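Following this message is one structure expressed as structure tokens.
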Amino acid sequence: MSDNTIERAAPAPLAIGTLLATLLLAAALIALPFAVQALGQPALVPLASRVLIYAIAAASLNLALGFGGMVSFGHAAFFGVGGYVVGILYQSYAGDEPFLGLIPGTDQLLITLPAAILVAGLLALVIGALSLRTSGVQFIMITLAFAQMLFFLFVSLKVYGGDDGMTIRRRNALFGLNTRDDATFYFICLAVAALVFLLFWRIVRSRFGLVLAGIRQNERRMAAIGIAPYRYKLAAFVISGMGAGLAGALMANYMRFVSPDMLHWTKSGELMIMVILGGVGTLLGPLLGAAALMTLETVLTSWTEHWQLVLGPVLLLVVLFTQGGLNGLLARLRPGRSAR
Amino acid sequence: MLSVRNLQSAYGASQVLFDVALDIAEGEVVTLLGRNGMGKTTTIRSIMGLLGPRSGDIRFEGRAVAGIAPEKIARCGIGLVPEGRQVFPTLSVRENLVATAANRLKRPSPWTLERVYALFPRLQERAGQSARTLSGGEQQMLAVGRALMTNPKLLILDEATEGLAPVIRAEIWGCIEALKAQGQSILLIDKNINVLKRIADRHYILEKGRTVWSGSSADLAANAELVHRYVGV
Amino acid sequence: MTAPLLSVRGLRKRFGGLVATDGVDLDVVEGEVHALIGPNGAGKTTLITQLFGELTHDEGTIRLSGEEIGALKTPQRVARGLARTFQINQLLPDFSMLDNVALAVQAHAGHSFRFFADARRDEGLRSRARQHLAAAGLSHRAETKVADLSHGEQKQLEFAIALACEPRLLLLDEPMAGLGHAESEQMVAMLSALKGRVTMLLVEHDMDAVFKLADRISVLVYGRVIATGTAEEIRDNPEVRTAYLGEGDA
Amino acid sequence: MTLVLEQLLNGLQFGVMLFLLAAGLTLIFGIMGVINLAHGSLYMVGAYGAAFVAAETGSVVLAILGGLAAAAIAGMAMELVVLRRLYARDHLDQVLATFALILIFNQGVTILFGRQPLFVSVPPALNGSVQILPGLAYPVYRLAIIAVGLLVALGLYLLINRTRIGMLVRAGATHREMVRALGVDIRLLYTAVFGLGALLAGLAGLMAGPILAVQVGMGEQILITTFVVVVIGGVGSIRGAFFGALIVGLVDTSLRAFLPGLLRHAMTGSEADALAAGLSSMGIYLLMAVVLLVRPKGLFPAHV
């Protein structure tokens, strides 16, 4: 799975082409709510927020999967746990009885997001430490199994709504902003997404990022130059888990509801679909993949409730016949940039 | 029986065979000589279809077989004893011999388990053991026996005695001579020049992926300088 | 006789019935080029893989300047000054040559848990890497992706990466295999330029190169060292001739 | 005491069911290196096929044949259209392609049979229960499932260890190229192995019909438990699949049966039941984590 962002050190760290494209994209995303308002399609703003949240989750998975070569089939666990952190903290805050009698509830976004990141990170550390003792198919099956374990845990926790999930009456507050307003919440998501993508862009090009990509390409060669692969893979897995937890927390706020379905293995499958649709091991791929899947889902569900009967073949074609998903396609269309 | 003309093949970017040509007639024992890394095993893998040749013509009994699937080539009547033996470790000795046995060409007196055991008594002693527990020499005998059980017209032995103790090596040479006596045509890759001069009818020398010389055992004996330049230390 | 840099005693490794390494004793002295020759399947590569820690030996001891390293994993052995090249190239195909070498320099420098600074603009690493590439005569192709290199260039890159680890003992696994005539000459020149500065254990079939480079030669046959000595001693040794050159067979 | 024996039999029955799925999955993975998420769909197709034929014809024998045929055909189609292209691909592509197959199968079945679960009655001949011990009447149908499962296990053992096909399957698992160089068309062997795996999954599905609900997505629930069985048993080994299946079957069933009772001492009835249900469904995953700590390659690694 070659990737084309760190394929050749461009003269300046940012080739002029990429810089322009990124600025263009940023401008478009910022202008989106206003343009959509003008076009009389207000419903598109919440959809855009959902795309951004899933883009964060997919980008986080992509760090482990695309750059680290770790095919994790359980990332929905971190995504769901991030959501439950928000739900539980809100329930303790609303009911005014601390979680486990110790941790006071809160509805402040600046607390719930870091809390979600921390909890998801710790979880990723435990699951990663165990799963990374194996590789290949076993790793896939184990991450899937651990995620299902957590799914059943939350199904059995009746105090937090069990199978039916838990509603969150009001979105977390942030500096007194009216987070209920779709456009405001969209900009919060955009800011967080921009931060996450920037962070990942730095990590991927850092010393850690090169070692990680080296391990993906040839683990035996990395050991031969003195790099013990396990700790780097675990670190990438934890960072990736934290990102998914952050996305889960945002999604809980967006839906003002959280349920075990967020941890279901089909959700892990969806995240993987976004990564592969967008182009594995590329930076902007996950954003494209999330947008593509969400659009596909929205458009298709308006035609038929059996929308997955169309998604199935589409995914099959993408997996079997395209190399590098949409990003690969785009790269091939853009003149002057060589791409595989 | 087997004719190869300007065979070329490569592993990815690095080309290994540039122009290999050889012929083997019915009942003949031919050797392929040359230092390590000259493309001897690559030649065998290309003939067997395990490595798709880049170009060149390979005919077995007149039928073009270049590039077709390995199982189809093997069914024409070629039995391979590969470098490194590659016996099936999780199968017993008997199972190794029986699993792929066949008499597709309806040979009159086909190879049977008893005949292989007669050729290699040691295999009979270990029939029930899993092949993994056999010593190097025993695994070599098993690999030869396994190939014979497919009743091939042409038997290919790639480094059959490499890395074996002299006494076992002598046993393997004895068996190859016995096979020759029964009219079995053989393509041999090995280093023991003196033995090869005695057993084989004709020889080819491979240098950097090209067949640079061919001739009878007598020609080889007369040409000590040739041996030293292309094959010796 | 200075204390040997590497001393191996009674090394033994079996795969089921197959004895790959049958009680090997071997010493490599600081600064020497020690060649290891023997027929195919004698266990040369298996021996190197055990010294490097990629394969755990069943019995015996491996000491690097006196310290037992038998229990250490490969990265720890590399940290103690071991490095190796591979007969079948083990490179990072999606990265450029420079990236491959720079990673080895970075690993040798020892701190890769850096998450922000752009590693490709870290002049400390990049300049050091460029020096190693120049030493291997590859600086003109520094930015080329490994996947687009020729077999010979990949072989030389293996060599540059191993040197970038600044090893005390370099294990070379048939560096000449598959090289054309000119490339072999170049490799021999590079190796002889290093003689004296880096201790090398050289596994090789190309006898011309071995006799040109080796201070001492050990002959390995069915997993046992049957002789060790200078080039001349080995060439005239009757046992070597029969075992290796097969002249003795009836 | 009889309650314990009854639960053990239930555990054995669930274990045997899991073995039918795990055997196919581990064979297909062990020999062909392909992870097939849609294996659960074959289980579902077997159940629906049998249910449909039973409803149409009312004959048990035809229903069984119908279920097996449906699973075999679906399996072959899956192998020819999709899986044959995946042998050389990496695991990510295999996971996503077979995930897509799940979507297709689930939606397809929903369109054909709707979302409501189908009801399948126990075949009259095997209805009722039998006195196997004083005071313990155990359903005949479940005993039949255990018997069929053990028979299949024996049959598979003999096939793999006593027949030439079994030898070729084992040989192909370690030296695929060498088997071809000796004149055996390995792809034909793969299709046969895949077909066998599909049949076993279909058999498990049609047997499950009367005791579990025949509904869309039934395959996926049991698929993940089958993964746990394969991981615990050791990927690629039939013996591992057999013992792994029995262990998981017994542990899962006894946890669900005995945990509520135990917890009730410590807390109120409803809370105990909820926590017990959760813990027992997590139980097998914890078991897997423990096995992995001790033996990362599983209890009976295939090629060692």
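Here the chain labels run A, B, C and D in written order, and each chain numbers its own residues starting at 1.
Assume a contact is a pair of C-beta atoms (placed from the backbone, for glycine too) under 8 Å apart; a residue touches a chain by one contact, two chains touch by 3 or more.
In this text, all values refer to a predicted model and were calculated from it rather than measured experimentally.
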item	value
Those chains which touch chain D and also touch chain A	none
Pair joined by more contacting C-beta pairs (B-C or B-D)	B-C
Chain C and chain D: spacing of chain centres that average the CA atoms, whole Å	49
Chain B-chain C separation of Cα centroids, rounded to whole Å	32
Centre-to-centre distance between chain B and chain A (centres being mean Cα positions), rounded to whole Å	56
Separation of mean Cα positions, chain D and chain B [Å, integer]	45
Residues within chain B bordering two or more other chains	89
Overall pattern in which the protein chains touch one another (line/ring/star/complete/other)	ring
Complete list of chain pairs which touch one another	A-C, A-D, B-C, B-D
Residues of chain A that touch chain C when the two form their complex	2-3, 6-9, 13, 202-203, 205-211, 213-214, 217-218, 220-228, 232, 235
In the complex, chain C residues that touch chain A	52, 54, 73-76, 78-79, 83-84, 86, 90-96, 98-99, 102-104, 106-108, 111-122, 143, 145, 147, 161, 164-165
Chain B-touching residues of chain C, taken from the complex the two chains share	15-19, 39-43, 149-152, 174, 176-178, 180-181, 205-207, 221-222, 235, 242, 244-250
Chain B to chain D touching residues, read off their complex	48, 50, 69-71, 74-75, 79-80, 82, 86, 88-91, 95-96, 98-100, 102, 104, 146-147, 150
In the complex, chain B residues that touch chain C	11-14, 16, 35-37, 83-84, 89, 130, 132-136, 138-139, 159, 162-166, 169-170, 173, 191-195, 208, 232-233
